Amino acid sequence: MSPQAADVPATPPRALGGTRSRHVSERVIEGVLLACAVLGVVTTISIALVLIIESSGFFADVSVWEFLFGTRWAPLIEPRSFGVLPLVCGTFLIVVGSALVAVPIGLASGIYLSEYATPKTRGIVKPTLEILAGIPTIVYGYFALTFITPLIQAVFPSTLVYNAASAAIVVGIMILPMVATICDDAIRAVPASLRHAGHALGSTKLEVTAQVVVPAALSGVIAAFVLAISRAIGETMAVSIAAGNSAKLTLNPLTSIQTMTAYIVQVGLGDAPAGTVEYKTIFAVGVLLFAITLVMNFIANRVLLRFRNRYE
Amino acid sequence: MTVSTTPPTSTGVTERQDSASTEKAAPILEARQVSLAYGDNEVVHSVDLTIPERNITAIIGPSGCGKSTLLRAFNRMNDFIPEFRSEGQILYRGDDLYASDIDPVEVRLRIGMVFQKPNPFPKSITKNVSWSPKLNGYKGDIDELVETSLQKAALWDEVKDRLQDSALGLSGGQQQRLCIARALAMEPEVILMDEPCSALDPASTARIEDLLYELRKRYTIVIVTHNMQQAARVSDHTAFFENGNLIEYGETDQVFTRPNQKRTEDYVSGRFG
Amino acid sequence: MSWTLKTQGGLARRRRKEKLFRVLCASLTWTAIVLLAVLLFHICRTGIGWLDWQFLTSFPSYDPKDAGLKAALFGTIWLIAMTAAISIPVGVAAAVWLEEYAGDGRFARFLALNIQNLAGVPSIVYGILGLAVFVRALRFGQSLLAGSLTMSLLILPVIIIAAREAIRAVPPSIRQAAFALGATRWQTTRHHVLPSALPGILTGVILAISRAIGETAPLIMVGAVAYVAFVPQGPTDSFSCLPIQIYNWTERPQAAFHELAAAGIIVLLVALLAMNAIAVWIRHRFSKEPR
């Protein structure tokens, strides 16, 4: 093997080690990126801090007990009362109503998409759901006020212009894509082997779906419901426009109510000066809202994570 | 033995001796009592191995016996695996690669790697070859460097008219030769190859084996392969591994025809593996 | 005794139940589609009459005939531009850190969990935060600055999550190839990972921005007002925007204003449709990789 003189000879050996300026710039870049990532934590802490600090000013004047369990919410009218239950009740009414709409349609759509739909049908339904999910809430509020409410009034003439039912219906429409998508994903995640097992035993598709697949996907399905409900709780504009602004403790869907979120908007529109009781109520109600949604989201995400880990 | 003057390269200029591969070559890489583990799972046990310069050394053995892990230890690619731990020394020209003041990036500029599955960048052929030299401040004529590297990898004639085309449009064998060209453009001293032909068809494999034969004149090559015939065809020295232990190491001829260890004989004669 | 494989007896009943179930699922699914169609039809029918050039270029007015979207449109453009300028770099940077640098340790998982929780926080809570911090504490007042900072925080988790997925989809072999050539982590990220992930990141960013366009509640809290008769000139100006204007018109009792609101909604929906179409086009164009 004779070396060829025409070969371009190899690079001479170079000593290892030694610092380069790339070290410094690498570290700087990593620091900047880390700072951006940490912003997420900073935001969470800020939200928590702001809510807690400002609402503690509120709870210096009003006892937590009275707030959580009082049944009259009248922070601005004499005689004042700071029981938040009417607002919670209003939110509850919306949640139940929207669940009545979103759960059946969402679950059925999820099952239909994953088990029965042809690719062509999927091509229509999935984009539809995406569009429904992308429509801003204010549009739904408008739709509720100008279309749904007259419809309800045609059937139940005693319905007020502002009523809970109309808002609940559109909130249901708003969250049903979320339910449908998560259910669709959860059901698809169930391995084919389980279905084959069911079919091989001579069951109809309904039986396999209802008794094998959906139970296997159950935690994913439940997580979907919880996330959707959490979204309904946080929903603001649709209820603000359609459900009205009278805080009352009632289960009648045909009358006007006020949710926690709608109350906050009401105060926000009024531009209350800092330090007033009005201003502080924003944070008291806000901290309650934040706590509820945080817990629900946390639980739902944990369940979803465990579900995914099981099947992937 | 001839001494040749080198034209200035991007990093400096000295002279270097060409050595015929049949002469006794100095070790360029050395593993001393090297043990490698992922967490609690030790996969390479106390290995002593020398890699002579400008030779082809093959590492053979049944699958899963730590060959790839050892190979990747030579250019610190195992650093990316969080639970990876190493003991012992891996010396490159006498310097311990795992010393605390050694920058792994520097290591990889001198010890290149070709992977089992060809992994060209989703960019043009030229960009694939020129990216790293440009990044490291190559001051010469970049087009010439690309051409030279592609020629060394025996790919130039096939791609010279479509250098701007995407590398992903090449066949598997061509992509692998492109990866070799890419590694060569960095002018490493050592090229580590992790089963470079296992994802290729026999014709491409043959072309790459021919290529290795030429490359050995200038580069040190360490190739992991579980294709024994390939090792016998191509390499000067062979190391046989089993279960993370170095069973035997010697000149390829000797390891395959007159092995010292029974296990080696069993493996090369196909009784297991 | 005849023996047959055809459906008979009890199985027939089960088959009928199954057909019923299938029809039920299908009809409920199609209900969703019908609802969407009704919604869009109603809005278009109500508002289309008011859509004309004069509508787009007038300021709001007490007289419906003179009222227009000009202030709101400009406000939205300003707001979105500023929000994008803040949230996109920060969001992508955070995603890069989490995917490329963070490893799998507890800190990284804690950050990721945080971001996921933030994605589920109601938008009005962000409004409260914006009010307390940007409007009051930092004294930015009821300005575009406060509004865009608030909106940035709102969509930041969405951008981070989408960018992470796009970055994660880049095959590890590309990174390995770059490292083996002696590249540093940032060089690898900048030259190979980010360009490959770019379509996915763009899609995610566009969807996040389209969410921001329709948000109302947080902007009410930071004081976007509905009755501005001017176009913003700088970040410290007060502002209106499309959703706020629509809300304001919806709240008026006169039917004419409701129709104006519908017209405004049409403009909003068209803008959203355009953005989503762009996102889909990007996804489509770049999923056909050069072979």
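Each chain carries a letter (A, B and C) given by its place in the written order, and its residues are counted from 1.
The criterion applied here is as follows: contacts are C-beta pairs under 8 Å (C-beta built on N, C-alpha and C of every residue); 3 or more make two chains touch, one makes a residue touch a chain.
Fair warning: this is a prediction, and the values are worked out from it, not measured in the lab.
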Central chain (by mean CA position): C
Pair joined by more contacting C-beta pairs (B-C or A-C): A-C
Chain of greatest Cα-centre distance to chain A: B
Distance from chain B to chain A - Cα centre to Cα centre, in angstrom: 53
Chain B-chain C separation of Cα centroids, rounded to whole Å: 49
Gap in Å, rounded to a whole number, between the CA centres of chain C and chain A: 14
Residue numbers of chain B (touch at least two other chains): 105-106
Interface hub residues of chain C, defined as touching at least two other chains: 184
Residues of chain A engaged with two or more neighbouring chains: 22
Chain C residues within the chain A interface of the complex: 11, 14-15, 17-18, 21-22, 24-26, 28-29, 31-33, 35-36, 38-39, 42-43, 46, 89-91, 93-94, 96-98, 101-102, 110-111, 114-118, 120-129, 131-133, 136, 153, 156-157, 160, 184-186, 210-211, 213-217, 220-221, 223, 243, 246-247, 250-251, 258, 261-262, 265, 268-269, 272, 276
In the complex with chain B, residue positions of chain C that touch it: 103-104, 171, 173-174, 176-184, 187, 191-192, 196, 289-291
Chain B to chain C touching residues, read off their complex: 75, 77, 80, 82, 105-106, 108-109, 112-113, 115, 117, 119-122, 131-132, 135-136, 166, 168-169, 179, 182-183, 186
Chain A to chain C touching residues, read off their complex: 22, 25-26, 29-30, 32-34, 36-41, 43-44, 46-47, 50-51, 54, 104-105, 108-109, 111-113, 116-117, 124-125, 128-132, 134-139, 141-143, 145-147, 173, 176-177, 180, 204-207, 209-210, 227, 230-231, 233-237, 240-241, 261, 264-265, 268-269, 271, 274, 282-283, 286, 289-290, 293-294, 297-298, 301
